[in-house]
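Dropping a structure here in structure tokens format, bear with me for questions.
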């Protein structure tokens, strides 16, 4: 296929993405190159278009122009579920779990997805032992075993956030997009969350949106700065820290270290 | 004293026995005569319900849903006859005087509900007969259940022709009302004697309305070859707004609307004609409601409305005038029942009930087969004229009556408003009746 | 172990009761029981959409009607068609209709889904009325005989006999209900519940929501079709008012609701209670609907989890369950 | 003027009159829906009940204008009562446009309850409300004549429409209401007593239905089945016009009125299929309705 010309070490590439809400341009000529196995942070002030970029990459919005390549394949215009099956996961800025279901049932859904059990009408789910074992193992891994049967909606915020992240990770995606995983957390919880992310994303490619610069600088291998829908700069954390343009546009505006 | 005490029991016994024999004798000799009771005490809502060993009659009608008023009226009419008969002691059947007990069953005008209600009537309440019903789709269920459980079903208000055709006929079902075919033939014959030639058919969009429209076209072709049907529209049941239909009628230049509508559609149609400033008359079975006239602003509206029915209160017979008088005495000041003359269906159905119970009385038994044998070919002098039960399809043969509305009329509510003409036109049975359906002997 | 034993006892009692019913009950009561069972299955099939997938349908009766008309039309036109395939035809007709409509229906959810299903069922109503030379209009089709079944060892079973038909119908209905229950317990069943709670997340987990919805719709329609098919045979007729009338789509909804939303068994209870209520009121048909509506209002106001809550209230698990229910239906918007 | 033009204009005005009546009912329906997310199935029953109350007031006083004034107020009072006593009781923590099943079921119950109560009180026979004599004649216009009462309905609906637009678009109250319809959660955050606004909108909606009911009384007879068709038509208006959109409700009401009138003229018997077909088509591709804006 002629669209497999993207370098193999790039898991995700975007070429000239443009997106509009009505007349307003929210993404302008986005060029992203995500290296396989790296953690790539996207930072930028509120309204910079970060979440829109996520929505465009994951197929929720179709870009007005430009192309997206995932694992070297042109996936522009693919639906989210298809992308998810190809190995692209995401978590949400606002908790988006199955609030009426127990923590166990939540995770089990992701485990089913991981094991590609989609249209199975012929077996009792409870009798598929391997799924139950795997789910329970995952629950222990993320430290929610005690809340196994509690409805997700009744979890404490920190634990709910943890479940949110785990739902994305339990599917075992090759590339995962994390939308502010530590949003609204206390210092201590943030610290735990960073550890969890580090553990769960071992060896995977990650794109992460985060306001908390401590999180960003402790996790990210590379950073892209987004401003008014445009990419201001891309580089290693130290490069970004020293980039004058970024400082002017973004870092100077807020007290970086304390941004929630 | 002692001797008296000694003979008292046997004497009492003998006396009682004599009394019993006498009462039996009287009972056997006594037969009910229509319109004997004191009707001033008759209130359909507070009917005396006899219990014990009674003749059980199931009344299959809608008592809930949109047509509930049809059920209430039937209950009132059947109650009238039952009240009359019960106050005369009841009917002598199988050697015993029995009173009549009416058991209501609600159809909600839905076949399914009707079927269940009928099963309850037949299997649980163990009725001897059942009577009904509004809606031909319900009557079909009645036919089937009558055949299945071998109970006599008296159909006095479902008019569709096909109910008694070869496919749907069974020997347990009797129909005393007319059919859409008979009504249409009566009307068409009447129109052949009038100069009206441009007709507009405006009926309800379901089987009864469509049947009537089709029958009317056929009958007009037969009796009034020069007639022209300038338009034909079927409107939904319980229509809200007749105005667009009437504008269409107006544009067609019709002289007369022919409509199968019953209340509330018939009322709405008349009111809409009034509102639209039209005066076009309507012909059909239900355009004679005496309450209508008072609510029309233009006093010319409704004049010339032509009503066809198997009974009309302005039919001049001795029996009918007596009936009219009794009925009018009872209801002229009644605020709840605003019908003060037994107009078309009201009087007709009462007559049909009398006929049915008369047949039972003459049969002297509740045995289904004996009643059927007696009723087939039976003739009965009802209020307006002779009724004969045709053997081939169990359809009552009767004269039809046509009347136009005039003003002033003594048959109106006020005595000088809109109402029937002085006397109805009688159209003999041999003109209106269609022959036995194909496939039935 | 003890709970297992209790469960088996309950099942044995229910099955024994159903088996003994024709010997104990009169024909009329038997018919009421069977009618209730049919509507329970219909309500269960709606519940599959409502409680498990979060799709509110105002037109579920069209699948019921498709089953009924499918069966009757084949039965009256092809003589000698055996009984069991007839019910298959009913299910197939309903599934066919669902397949036809699913490309449109799966695109929407929430109120739009409700309105769209209502629109389709109204179109079907009008069409059935218009095609009266085929469907019999509002007179419907009636008076056909149910074909007999010949079973190799037992011989020919005459289905015109109420008892025989009862055993036949109740086994089909029971089997269908069990299959539906099984369906909700499969991996796909858990995805179904996921779609109710959060369709977006289900998508991002890699499940195709439209495809899943289409499958659920077909399954639900299929069982509604089975119910409709048996209903037509049981009533010996099919008519527009009976299967497509204004309340035909609402009454299973009300049944689900009275029984208890979010549960599998609820609709069965709801249908039963509705039937009992109407039977109790049979002497006063004018007031029956009024009483029914008052009961409905009272349940909404005072027992929002449905009648099944009464059982749960007595149960020790009550607290956890209530929280669960509250979560599902009070605190969150469940339908988007 | 030639006959065809007269016919076309007459049908157009017929459609307008019914459309206006429908708009009065559907506007309240869509406002309540937009604001509280409640599909108030009992709404059309309030319309029917208003006609009966008007009939009763007419029977006591004989004055149509009194009925037109009082009956809608009585209905609005009932509506407010229903909102405060029943709906408020079951509406916990919930705002917004989510499909709320409990409220839906409650309104289904109330719908049946109203219909049965009406049957118990007034019976199932149709009742007639007579328009005042001044409105019963014909009025000449454009070289033809047209029933005065239908013109009165159009006029009444127009003036209420204008009044409604003034209240909703020019007053502070209107701003609050529109804000609450748009985004109830945000409005709460602004410190506005949204429950009170809810009650107001509910009262307003039922009042509009009440006015329509009284106005419809003399046009149609009053019978318990009056609510059914109106309910179905209101559904269509709300679904097609966009949930919560007044503008959409107005346009679709007019469209529906005209379709009914011209449907009778040109394709009788098929307007239902056409209408619902159109509705299905629109909902498939624009689930929010033609004029609905919000996601």
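Should a chain be cited, it is by its letter among A, B, C and D, assigned in written order, with residues numbered from 1 in that chain.
As a convention for this text, contacts are C-beta pairs under 8 Å (C-beta built on N, C-alpha and C of every residue); 3 or more make two chains touch, one makes a residue touch a chain.
Predicted model only: the values in this text are computed from it and were never measured.
Chemist: Work out per-chain C-alpha centres and flag the one nearest the whole-protein C-alpha centre.
Modeler: Taking the mean of all protein C-alpha atoms as reference, the closest chain is C.
Chemist: Across the interfaces C-D and B-C, which one involves more C-beta pairs in contact?
Modeler: C-D
Chemist: So the centre of each chain is just the mean of its C-alpha atoms; given that, what is the distance between chain C and chain D in Å?
Modeler: Those two chain centres are 33 Å apart.
Chemist: Between chain A and chain C, what's the gap in Å when you average each chain's C-alpha atoms?
Modeler: 42
Chemist: Using mean C-alpha positions as chain centres, tell me how far chain A is from chain B in Å, no decimals.
Modeler: Their C-alpha centroids are separated by 77 Å.
Chemist: Can you list the residues of chain D that touch 2 or more other chains?
Modeler: 119, 228, 269, 272
Chemist: Counting only residues that touch at least two other chains, what does the list for chain C look like?
Modeler: 286, 289, 331, 334
Chemist: Can you list the chain A residues in contact with two or more other chains?
Modeler: none
Chemist: Please give all chain pairs that are in touch with each other.
Modeler: Listed in label order, the chain pairs in contact are A-C, B-C, B-D, C-D.
Chemist: Quick check: in the complex, which residue numbers of chain C touch chain A?
Modeler: So the residues of chain C touching chain A come out as 182-183, 185-191, 193-194, 196-198, 200-209, 215, 320, 323-324, 327-328, 331-332, 334.
Chemist: Under the stated contact criterion, what part of chain B meets chain D in this complex?
Modeler: Going by the criterion above, the answer is residues 64, 66-69, 72, 205, 233-236, 238, 240-241, 243-245, 247-248, 251, 263-264, 267-268, 271, 275-277, 291, 295, 297.
Chemist: Which bits of chain C are touching chain D when the two form their complex?
Modeler: On the chain C side, the touching residues are 50, 56, 104, 107-112, 114-116, 118-120, 122-123, 126-127, 130, 246, 250, 253-254, 257, 261, 286-287, 289-290, 292-294, 296-297, 300-301, 304, 329-331, 333-336.
Chemist: List the residues on chain B that touch chain C in their complex, please.
Modeler: Residues 63-64, 68, 104-106, 108-112, 115-117, 119-120, 123-124, 136-137, 140-141, 144, 160, 168, 205-207, 210.
Chemist: Which stretch or stretches of chain D touch chain B in the complex?
Modeler: 3, 6-7, 10-11, 14-15, 17-18, 119, 123-126, 128, 130, 133, 136-138, 145, 147, 149-150, 216, 219-221, 223-226, 228-230, 260-265, 268-269, 272
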